[in-house]
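Below are two complexes that have chain A in common, paired first with chain B and then with chain C.
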Partner chain A sequence: MARGPVAVIGTGAAVCVAALVLLPLGAVLMRASTWPAFAPGDGQAVWFTLWQALVSAVVSCVLAVPVARALARRRFVGREVLITLMGAPFLLPTIVAVMGLIAVFGRSGLANQALAAVGVPPLSVYGAQGVILAHVFLNLPLAVRMVLQGWQAIPAERFRLAESLGFAPAQVTRHLEVPMLRAILPGAFAVIFVICLTSFAVALTLGGGPKATTVELAIYQAVRFDFDLGRAALLAGLQFALCALVAVLVWHVVTQAGFGAGLDRAPVLRAQGVGPLLADGLAIGGTAVFLLLPLGTIAVRGLPGLLELPDAVWAAAGRSVTVALASTGVTVATALALALRVSDARWGAGVIDAVALLPLATSGLVLGTGLFLLVQPWAAPSSLALPVTVAVNVAMSLPFVYRLLLPEARVLRADYGRLSESLGLQGISWLRLVAVPRLARPLGFGAGLAAALSMGDLGVIALFASDQTATLPLVVQRLMGAYRMDTAAGAALLLVVISFGLFWAFDWWGRRYATV
Partner chain B sequence: MLQFDDVLLAQDDFRLTVDWSVGAGARVAVIGPSGAGKSTLLSAVAGFFAPRRGRVLWQGADLGPLNPGARPVTILFQDQNLFPHLTLALNLGLGLRPDLRLSAAQKAQVDTVLDRVGLAGMGARKPPQLSGGQIGRASLARALLRARPVLLLDEPFAALGPALKAEMLTLVGEIADETGALVMMVTHDPADARAFAALTVLVAEGVAHAPVETAVLFADPPPALRAYLG
Partner chain C sequence: MKTSILATGLSCIALAASAETPVLTVYAGDYFTSEWGPGPAIEAGFEAFCACDLQFSTGDLLPRLMLEGQRTQADVVIGLTTDVLARAREAGFFGPHGQDLAALTLPVAWPDDTFLPFNWGHTAFIYDTTRLTSPPATLAAMRDLPDGVTVVIQDPRTSISGLALVLWVKSVYGDQAGAFWSDLAPHILTVTKDWSESYGLFTSGEADMVLSYTTSPAYHIMAENDLSKQAALFPEGHYFMAETVGKIAGTDQPELADKFLAWVLTSEFQKTVPAANWSLPAALPQADWPEGWSDLPLPEKVLFLTEDAAEALRVEAVEEWRAALSQ
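Moving on to the complex of A and B:
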């Protein structure tokens, strides 16, 4: 197994991640000239941040269970396509997602037109409800995918055993599905809760004002408008403490399902009767409409502008792809090293697990600002915009990819750890022959996730990029700011196509590799 | 010679003491009630369970410092003996070179062994496509390739029918003859012990008793064995 080299690499990776997260935070704190103080309204921001994150995460997880269950037990034409598309909103560059939601739920959007037709006054997509709507839109698919993977990870043998024992559906739920959900949902909830806790672009566009400002937005305002690094660092520390607290609480709730190994046959999950069929149809259909309608409107709006994009957009697209591929490579390698190290369950696994989730607790803006401050003495900020973006993107996607890999890595250890050891299969050979093939599915999905997140990231780059180093999301945002809406929509569509293309390519590789 | 030198295996409430030795090339059945520590005894030899006290030695050398893969041991588990994503040929190849960089001669050797255990031409199949008996044969084929002097069987054939199990035991016997291996086999079935092993170790009440002749043991079972046999 992975005694020696893999364990050492995993520990080294954890040290690097901890340094990447903590050093910039320290740099920002050092830079603050005076002892920082909170501004009025910061308490309100903390309160809003917490409850909107709680509501968003609970709604996403609760809705995800029936949808994932329906997808797990139904076979229909277009199921694979739908599952891939379900991943879309989470992968959608946030700025584009907000554009789509406004098109559907905005004042003159489809939803309000329908409401007006039956005489109901229009709903506003701005404020707290808009922030929560956008968070559910962006995170429900992630929850569905995580729960669906959990369902698929229950070996067919277990379902067959249940069937042979004459289990009623309620008993299948109790003995097979509830343990799986207990293992998967706390992790899904924690991830979504923390995403919403550190949400920036959604709050910037749909929130704002005293009643709908998140801590992350307050950090942005402190850096961008007041250049008050001290207060930004203080807020970042506060955010960090909040997220770390959540992570510790949830860490104790996360259990392992422990279903044992099956022989990789297709899962058999059956449901008979009209009731379940209607419920599943509603779950799948409703989710598909909710998620796909905004995406559709973006496509319709962007298509005409796509053919006449200026060269600057294409150049920015090239830079974004380079950044995305670089950060994907580093993210996946690091996440794999960490997951394998933690699944080994020797000393320090708990600490390394916490380190892997550490970036979730931090603010991308503060991380980027800190990195600039750290490297500033040696290089000009504009020449570092892209490398710093890569580093921040790695930090931001690492926890997700790690979370995807860890349960599968544990299963791998439990099922094939002793066999590998008894055959003397270790180090690189073990990675090549056992770990990568057995983990291909989550590796491919994780790589796609990292690539798309990096591709659509609009955070620290907004603070420091010049025209020569602008990424595609930043170009979209600048075009929108300049009211060149046709070009902006075209560039947004290009961004979506590349993001999804990268995700699809990696995910397809993983699924294909896993079945060969 | 495999020697347990004042060994104590312990975990939580579990205790098992072992203090005896058995010669190379012997065939030993390990019998006793569930939870008595039969599998743990084998795990200690294979390197998955470190003794709290004492040493396990092979030909006078302490096995303690050796990783499982470096021990002169092949172990077959109850299940999960093959990687489902690798073909049979590759699963067997792991027995020759764990990094699977096989020479032409080694590939030919894999084919020969597949043929030897009655799986000729099935090298390209993957484990999910095989029956239980075929998986058992493939696992034994890899043991043959590894040719380690100690072969540990932790009930790999428990799920097979009597005829198939007898067939497997015959194959184990042939492989043990070819490689000269010491075989230790966990079993629940006295018939297996009688048919296969000249010696039997009784594991009960916290002690793995020294091996005695199987026929003698079953002719006059001690109280612990009598309780188990019912």
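Moving on to the complex of A and C:
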């Protein structure tokens, strides 16, 4: 079963990813003129960064469990659409997400208007609670999808067996659901924790001021404002260390559920009674309102501007789609290679697993600056703006796609490894007949994520971009900078629609292919 | 990837075709070259008489120059703001501009022989007359705003206007700047990474006042016919900001660069500044400002810290701000 080539390609991919992330950091460090030092306020920034990331990740994961379970065991009209739509917040560019959240939870937002109508004094979103709220809004969709996938991956036969053995709900939970959650949740937690670790504009705006300073903000200041590359590299290194710590912890906590293979029948989760029905309704309804209301305000805000977008916006949109598709292809191939390699559980799997999470902890700004320094002796950086954007997008979306693939790749190895081996299935045929069909669901979802994330990227382009290479997010920012808030809202809506369209198309393919 | 390879190929062909025409490479701020920025008019105006090809290269200015060092492609850099000039000067990339400064119409003395200002404005708090009927009349009144009045500002660690604000407060209050921030803190709704997010929060009605520029109402008046956005003008004075042009010392197009700098000071160029940059022209008597601009209310007193003074105060002023707002 293709152990040799897969191992070689997987290891090679890991080396490339590590190089893509670490070489630029090294280049920045080499270029630093002074030995870096910490500044006053750094301690506070590290502390705030850590605890908000921890709380955001825990809340997202804890809330995801009842929501995913409700979605897994209920069938209703529009369920598929709802699941897809609920993924959208994760794909929002941060500035758009912040505006949507403020339209709902802000001082004059819908929530406070509703409270005022019943005579309750307004609640302030600005502060630590706002940071957590925003991070949960952005990341709960990811957690729900990861956990939901876990539930769907439990073979229907195990639930049938549990039923015929007369398991009480608590026993089903203990023997089927908890082992699945132990396999899925640590990975979901790690990914969300690391995303929140590198958050910056969201944390500052909703955090209400410098109390909500994160390490990433300090990096931005060091690169863009103080031009203190040594300090930028020091802080980026610190982020790496925190991320690596989490990766190691997760590696030791994660376990395999070991359900074995099933016949791929639709899973039967049953929950009788009014109590569970109400609970599930509340979980699904509450989450839908929480996630979809801000999206709705973004749409309402953007619609008028959408009708009269300048040509530059459409040109940028075309460029962004091209970049997104190129990034998606490379990301999915790399993530698949890494996941197959790690699921092989050979030497170095732990290290490769950490490497695959590493790009998440990277500051896009330091990565961009480092690439600029590396590229510059050989070519004019502006001529490489789009290829560099693709490379950075790949690095940034790889960890998500990898995380989605890994649990399923492990199951694939455990359930079909020996069969494939005894059939002599190898190489391309193994990929085509076994790996891709078995992994189609996470592959489609991952490709959708990669495409949407690549649409939204802004981190590195500022150093490289020229007019001819401006991407859609950059154009949104330029419009806002030129007072054209309505046009910017329209362009932002276009960005959201395209991101979501790409996501939906890939995700639909994955689910479709998986059922064939 | 394929398209970018194609694009690179096409641009190579285009380069070869225009090999005889000298190229002036101008690094400009990010907002510059979009169709709603000042770039297209500047390019067309200059190319009409320079017998050259003006190429803008947009993006971060100072960080990019610092990264490129002596390898930079730039001949001219346009858009460096006053508060980063000390660091730009210290980096040593720029040569003397060689222009006669007599044409300047700035409200402050400008003896600089390296950086040439092309537009200016002041920081100001903008409010909406439909939402705030009795705006603060002095900077001191900002310390004593009525309950519930909210202000949104930019972070001085990430935004040039945010930095101008802390220098503004520092130059008015000196040692008492920290106390000013403590008094204003309860009214600061939030702090954003850059100007556009703040301004978006203000125009969407989330905040009552926003840190912006005295020229911001001009956009609403002229582009939207909306008279409700006004700058609160304070007798203590408003902090001056200008955007400048500089010539790279090692440029391989010194004559063209000089021509460009001279052109920046002409009234033809200066007349395009207000509506394209939404700021005031640096070398144009007020009588010649485009229609509507002369009526724009502007503060009487202008505050400006010299480069060295600003640089000396910067770290301290930002730290006072951070400490007071982190309570």
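Miscellaneous remarks
As a working rule, the second predicted complex is superposed on the first by the 503 of 516 C-alpha atoms of A that agree within 3 Å, B and C clash if a C-alpha of one lies under 4 Å from a C-alpha of the other, contacts with A are read in each partner's own complex, and residues count from 1 in each chain.
Everything below uses one rule, namely that a contact is a pair of C-beta atoms (placed from the backbone, for glycine too) under 8 Å apart; a residue touches a chain by one contact, two chains touch by 3 or more.
The structure displayed is predicted, hence computed values, not measured ones.
In this superposed model built on chain A, chain B and chain C occupy separate space and fit side by side. In the superposed pair of complexes, A:I102 makes contact with chain C only, with no contact to chain B. Residue contacts after overlaying the shared chain place A:P437 against chain B, while chain C stays out of touching range. Of the two partner chains placed by the overlay, neither chain B nor chain C lies in contact with A:S499. By the touch criterion stated above, A:L419 is placed in contact with chain B alone, chain C being left untouched.
The vertex angle at chain A, taken between the C-alpha centres of chain B and chain C once both structures are aligned on chain A, is 160 degrees to the nearest 10.
Touch counts on chain A: comparing chain C and chain B, the chain ahead is C.
Of the two partner chains placed by the overlay, only chain C lies in contact with A:M485; chain B stays clear of it. Once the two complexes are overlaid on the shared chain, A:T214 sits clear of chain B and of chain C alike. In the superposition on chain A, A:P387 makes contact with chain C only, while chain B stays out of contact range.
Taken over all C-alpha pairs, chain B and chain C come no nearer than 31 Å in the superposed arrangement.
Judged by the document's definition of touching, no chain A residue lies at the interface with chain B and also at the interface with chain C.
For chain C in complex with chain A, the residues that touch the partner chain are 1, 3-4, 7-8, 11, 30-31, 33-37, 56-60, 62-64, 66-68, 71, 73, 87, 150, 155, 157-158, 185, 188-197, 199-201, 203-207, 216, 219-220, 223, 278, 319, 321-322, 325-326.
Only residues 3, 261, 263-265, 415-416, 418-419, 421-426, 428-430, 432-434, 437-438, 514, 516 of chain A touch chain B when the two sit together in their complex. Within the complex, the chain B residues that touch chain A are 46-48, 67-70, 73-75, 77, 79-81, 83-86, 90, 94-95, 98-100, 127-128.
Taken in their complex, chain A has these residues touching chain C: 31, 40-41, 44, 95, 98-99, 102-103, 106-109, 126, 200-201, 204-211, 213, 217-218, 220-221, 223-225, 227, 301, 310-312, 322, 326, 369, 372-373, 376-377, 380, 382-383, 386-387, 390, 462-468, 470, 474-475, 477-485, 488.
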